[in-house]
Amino acid sequence: MTKTEQMLKKKPKKWITNLIFTFAIIIAIVYSFSDSRINWKRFNSVGSYLNAMLESFADIDVDFLLGTGLYRFEEGVLFLTLETLAIGFLGTLIGAILAIPFSFLASTNIVGPKFAKLGETFLIIIRVFPEIILALILVKGFGMNALTGVLTIGLHSIGMLGKMFAETIDNMDRSSIEALDAVGANVWQKIRYGIIPQIVPELSSVALYRLDINVRSATILGIIGAGGLGATMVLAASNWNWSVLGAIMLSIIVMVLVVDGISSYLRNKLV
Amino acid sequence: MVAHLNTTKYWVNDMTRFVLTNGKSITKPFNKIWIILGILIVLVVFFSYFIQYDPRYIVLSELSVLFEKLFTPRGTRTWSDYFAYMLTLKDPLISTLQMSFAGTIMGSILAIPVAIFAAKNIAKYPIIYVPMRFLMNLIRTIPALILALIAVMFVGIGVLPGIIAITIFTFGIMAKMLYEVIETIDMNSYEALESTGANKIQAFRYAVFPQIFPIYISYLVYIFEINVRSSAILGYVGTEGIGSVIKDNILYNYDRVGAAIIVMFVLILTIQFISNLIRRKLQ
Amino acid sequence: MIKFVDVVKTYSNGVQALRGINLTINDGEFVAIIGLSGAGKSTLLRSINKMIPITSGKLYIDDVEISTIKGKELRMLRRSIGMIFQSFNLVKRMSVYSNVLTGRVAYHSTLKTVFGFFPKTEKLLALESLDTMGILEKAFIRADQLSGGQQQRVALARALTQQPKVILADEPVASLDPITTVQVMDDFARINRKLGITIVANMHHVDLALKYASRIIGIKDGVIVFDGTNEQINDDILVNIYGRSLKHDEVLGE
């Protein structure tokens, strides 16, 4: 054999692993779909459903939208949307403020590696707890209202933001703190002039990103009663009320796009 | 009134205008931080109006009662019943994993062509990539749970609506993350391939794909992790999974709800651990 | 006046950075410290404002022995000693003006400084320091938007605002391009001449050290092997300090 033919023989046979891998995935997907509980016949009616849906979507009840006429203001989509926004905004704000001390406790730079591990574990537990379950629990204590929503999002955000804040603190640039040392600054002055100017822009950026996500969560929390659009939406869905659902979905899309836009714009300015 | 305004002006000037000993003068620009703080306060006050609640409904002691109910066996059930129940949750658990897995993979695959056409450096004309991005943004605005709700309306309850919801959701996220990655890669090899006469698909397969594959898998694992979390909840609106267990039992059998929560917890932690491991190995 | 008496510094990993330093620096001198990396230049410099505490021996700043001082006394010592770093060490996201003003934090209570209340006279002082360095018009620009040379001047302005008696400089021009290097070294010379501030600088470039400093100190392996004027230096002494002929990057050129 020539040298090149020998090299060709030696070429790693990746295609075997690839084949096995693809095969495994196909099997897994087929298995997932083969669940006999799936009602494939329903798919046929999808077409007519779509038609009905689109028709009703177009027929929007303006009174319902604004909360005028026969509807009270609090029932209108406008109010509910703003309520959802409020839950997302205030929840994020509370979460961000409370996350700061927790992030200090989880940051190696501040409390050392061993204690930081403890703090981090605590934050992980809060984070893994699904928001809906947390909301279900808090509803018992605070009632089925927007307050529960704010608390749920706030608590959940402490976990999420706490971790990212701690990472920011750990990645901080130490050089300016060294200079402040040389100038004779004490601990508080070093925090005020060395640490805060560095981390506040990053923390704000992280918090804005979180706001985006939290507003979406807020729409969902309503489903179990924590205020916002969710409750009305579930009601409409179970009554097959496409026009109501359409109005709400439209509102959600607009709200999320707006928040997304503002959040992206501000985050770009912060960098 | 005018005199008052004038003194304010002098006070502000005093804070911001400096005259040095050599005669030069300089004005300090207005500190933007006050504006930001002001806006924040206005927003807080504005939004607080919408948080309406009846203080009579706040019974904090209910929380501790609830905690007890969640994590102790109810009525005549024993602790062994409690743990035995967890074993019966095996089926919903598998449903959850099935939904997440199938949905993630399909959504990720569907995302690939769309991401390619949304990347500025491959689809060079705005008329192609702008509508693609708009479509993606639209899909991304709808939370997974709502997608599931609508899917249930269309196809009934079961695993299928969950898979559909997760597919669409994954598609939205993956497409955006993917096109952002595609835009950051090194285009030199792509152009080189195009110059040898390869068409766009071939050029993509041999120049772009190898660069993004590890990142793609990393994103896939990350999204899978998110989806396991949300699919555990999707059951609440009618798909299968642990969420439906919770919904069924929330009224009377708190201890079962507690058991389900614990199982969910363990599941999510495990998946998170595994996914972190995989993603670190891919780095 | 700075006085080292038998100063020894051993790090916790066993490395002996300073092995018996005896040195007196008088007010108004412009001292350059030269030597290989790791010879002990940085340690020597940083022991003066106790950024690195010494292991044994005595160190006098204006007849005050500093090995026992700490807390508020230490901060009062440091506020009258300015320090310039190779990487400028400015607070990047703050304005130039705020950076310079931080030179005064040790002169006031915590409460006032944390809220940013400095007396108007000191605010003017900060601006005048900027003017002395020729960058007054950049006062309210973010510090990281300036060029390297300008940032080092901001650092110098910060040091000047401390109204120091001594300025320590740790390889202050090592990160700058040749032209800016000369400008900044000229600034040092000007400050030394016109304001009478003692300058102690670690210099990487030997020819710069010889050109600007009135007194050269050569360090090798933690010991002072040369202490004299720049006229007394010759190539043999340099070979002794560096253990070899000078390398290309230790001389600025022309």
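The chains carry the letters A, B and C, assigned in the order they are written, with residues numbered from 1 in each.
The definition used in the following text is that a contact is a pair of C-beta atoms (placed from the backbone, for glycine too) under 8 Å apart; a residue touches a chain by one contact, two chains touch by 3 or more.
Model, not experiment: these values are computed from the prediction.
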item: Graph class of chain-chain contacts, one of line, ring, star, complete, other; value: complete
item: From chain B, the most remote chain by mean C-alpha position; value: C
item: Chain pair with the higher count of C-beta pairs in contact (A-C, A-B); value: A-B
item: Inter-centroid spacing, chain C versus chain B (mean Cα positions, whole Å); value: 50
item: Distance between chain centroids, defined by C-alpha means - chain A, chain B (Å); value: 4
item: Whole-Å gap between the CA centroids of chain A and chain C; value: 49
item: Sites on chain C at which at least two other chains make contact; value: none
item: Parts of chain A lying in touch with chain B, wherever the complex brings them together; value: 25, 28-29, 31-33, 35, 37-40, 42-43, 46, 49, 74, 79, 82-83, 85-87, 89-90, 93, 128-130, 132-133, 136-138, 140-147, 150, 216-217, 219-220, 223-224, 227, 233-234, 237, 240, 245, 249, 252-253, 256-257, 260
item: Touching residues (chain side chain B, partner chain A) in the complex; value: 40, 43-44, 47-54, 57-60, 62-63, 65-67, 70, 95, 98-99, 101-102, 105-106, 137-138, 141-143, 145-146, 149-150, 152-156, 158-160, 163, 229, 232-233, 236-237, 240, 243, 246, 250, 261, 264-265, 268-269, 272
item: List of chain B residues in touch with chain C within their complex; value: 18, 20-22, 24, 26, 28-29
item: Touching residues on chain C, where the partner in the complex is chain A; value: 49, 51, 74-79, 81-83, 85, 87-94, 98, 102-103, 105-106, 110, 113-114, 155, 158, 162, 168
item: In the complex, chain C residues that touch chain B; value: 97, 123-124, 127-128, 131, 136-137, 139-140
